[in-house]
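Take a look at these structures.
In the two complexes that follow, chain A is the common piece, with chain B as its partner first and chain C second.
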Partner chain A sequence: MASFDEDIIKNIFCEVLGIPVEEVTDTLAYNSCAQWDSLKHLQMVAMFEERFGIEIDMDDIIAMENYGKVREILHKYLT
Partner chain B sequence: MQDIGIGTDLEEVRRFENHRDRALTAFLEKNFTREELQYCLSKDAPAPHLAARFAGKEAVIKALSSLNITHIFYPAIEIINNERGVPCVRINTDCSEKLRITLSLSHSSGMALAFCVIIREA
Partner chain C sequence: MNFVDYLFENLQDQDKECILSRDGALTCRDLISQVDALAGDLADSLGRGKECLLLSENTPFFIIAYLAIIKSGNTALLVETQIADEQLASIFRECRIGAVFVQKKYRSKIPDAGTVFTEDHLPAPTPAKKYESPAVNDDDVAVVIFTSGSTGAKKGVMLTHRNLCANTGSIVQYLGLTKDDRICATLPFFYCYGASLLHTHLRAGGSIVLSNNIFLAGALRDINTFSCTGFAGVPSTYQILVNKTPFLREKLPTLRYMQQAGGQLPNKYIRQIAEAFPEKQFFVMYGATEATARMSYLPPALVLARLGSIGKGIPGVILEVFNENGDPVKPGETGEITARGNNIMKGYYRDPEGTQDVIKDGRLFTGDLATVDDDGYIFIIGRAKNIIKSGGYRISPNEIEEFICAFDGVVSCVVLGLPDDIMGEAVVAVVQPGDVPEASLKEKILTQCRQHLPSYKVPRSLYFVKEFPLNASDKVDKQAIAASLRSERQELKGAHENE
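This part shows the complex of A and B:
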């Protein structure tokens, strides 16, 4: 299992959603970002799991509704 | 007594075209079963089949949600065609409910569509 690294999380957001890193802030949310739909959400989850060597629970995948929450949940798995 | 749940979904085929893309590959390996991937990737053009299957999983989840069944997620929903080419849904996880699931898939070169009806039998 890799250690927590926020830069990696932001890079995955940028790569999958196709947005610049400046837009990856705590307020970036599933329901207000046009690029962030269910397919992109599942792609990001798969990338987090692959990159960090973890398996994320279904309830946590559903709870990842904004960037701040994603960071908080991944921190729980990686510390 | 019967409860009926419905779900529908529409996907763009182009989003499944680059199935060697890192993010798409990781997503497919996590959310599709081996049999589903074998079926889709055996086609000359896998993208419409991948898109239709993902639309199918989304439609099933929406139909389940309308029946307040929220613990079944994408990897546990397997969609395999029978010998007549009809998509059949298998739920590969514990589910105490007795469900009759009917799914219809369709795709053109650009879009894939799924419609699901679930009857919960008492």
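This part shows the complex of A and C:
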């Protein structure tokens, strides 16, 4: 298991959603971001799992509805 | 008959909640009053016979706008929410769009000129005076669905009021839908399969749960929360549920049946699902946008006995497999699936030649290759058309190939679909590189694809080859590439299992 690193999380968001890092803020949300669809969500989850060497629970995958929650949930797995 | 009048023709209970979601519910009365008010506004401002673009996820806004456009005698143009800007621009150039209905989330995709409506412009549900739809000809176009063709350009499939009424009635009949049915809808309404869920449940007097979840597992919760009786998915829906969620261990007590279409679900999944839920019906079905939605179904009682079959034609559709001479095939022989019926589209939008290629003497040639067994059950064995089906999307390889070939350092590129446990088929790119470092080229291509292509078109893997194998006619042999990639993956898998 790797250690928590917010830059890695942000980079994955930028890479998958194709948005600049300035836009990756706590308020960036699935409901309002046109680029963030359910397929990209699965893609990001797969990348978090691979980069951090973790397996994310189903309930957590559902709860990751905005960037703030994603960071909080990954922090829980990595500390 | 106007298709919207047909949908509500048998409505008995105006106060029934017909559209539900975690944000609230809409009764038939409220839905109809909003549709009527908006249809009246549209008729006043646009007249009829105009084209109205609709770009939205599954929301009450989509449903109200969609029904109002059709009811006012105008034509709804449906496009996917993840449509590339370039393709949307070409639709704006080619169509005579009178008004645009767009979900606020996607507002920035639409040019500012012209009449644009969002959720904020919907009329409130009031007992306004009923709007009587203008007389339409059954062969007037009600909907144009834009779908990926084999060349990469979007093809607009024109569906008439007759097409929609015929297919809806037929599906209601064979699924046995009643007012007690409630579907958990995860599939987008802008594609024919998703739209058929909306149509059939309104017609049957049932209800629709808008299950828009960040992850499909949320749909399992919705089925229980809303006591759904039906669920619909494409192959990747079921593959994600089986592989990534506790789906097969769920009880889902209210669920009466599940339906699957939109590509071939591998037999192992059909078997797993049928065995996990022996008391529920599992409908394997087959369709195409060009046939409004549905062409065949396999009766659920036969799902294991005729494993892998798409069944036979649905009521009102004559489905036949023809050999090269135009005769029905004998059992075991291969041919192309053809269909006749009132559900066959009027044609492709502004493409009479393309239409003539697929509809001959009123018969749709699907491009799908199949065989039949001794009892006439049809089994698909391949697609003649060059289309990848991934995550419920139809993807033309040409478009991705062109995108990748445009990079400096790429000599040539082939994109194909390989079987994938989650996506049905995974998009894979094979690149012949020039004199550049492979690692940096790979990163550059994938980064650009992620930024400029919809997520479902981004290659899952990218391989480099020195030369492409050629077939007898000196064309790149995609079959050979696919076969060698499949065997490579098999070896890799074997190696892991032996570790």
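We take it that the second predicted complex is superposed on the first by the 79 of 79 C-alpha atoms of A that agree within 3 Å, B and C clash if a C-alpha of one lies under 4 Å from a C-alpha of the other, contacts with A are read in each partner's own complex, and residues count from 1 in each chain.
We take it that contacts are C-beta pairs under 8 Å (C-beta built on N, C-alpha and C of every residue); 3 or more make two chains touch, one makes a residue touch a chain.
What you are looking at is a predicted structure, and each value in this text was computed from that prediction instead of being measured.
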| item | value |
| --- | --- |
| Contacts of A:34 with chain B and chain C, given as first, second, both or neither | second |
| Of chain C and chain B, partner touching more chain A residues | C |
| Touching partner for A:8 - first (chain B), second (chain C), both, neither | neither |
| Which superposed partner A:18 touches (first chain B, second chain C, both, neither) | second |
| Partner chain(s) touched by A:50 [first = chain B, second = chain C, both, neither] | first |
| Chain B versus chain C as contact partner of A:65, first or second or both or neither | second |
| First, second, both or neither for A:42, with chain B first and chain C second | both |
| Partner chain in contact with A:78 - chain B first, chain C second, else both or neither | neither |
| Chain B and chain C footprints on chain A, overlapping residues | 15-16, 38-39, 42-43, 45, 58, 61 |
| Residue numbers on chain B that touch chain A, as the complex places them | 11, 15, 22-24, 26-27, 29-31, 54, 58, 71, 73-74 |
| Footprint of chain A on chain C - complex, ascending | 81-82, 105-106, 108-109, 213-218, 240, 244-246, 391, 422, 447, 450-452, 455-456 |
| Residue ranges of chain A in contact with chain B within the complex | 15-16, 38-39, 42-47, 49-50, 58, 61 |
| Chain A residues within the chain C interface of the complex | 15-16, 18, 30-32, 34, 37-43, 45, 58, 61-62, 64-65 |
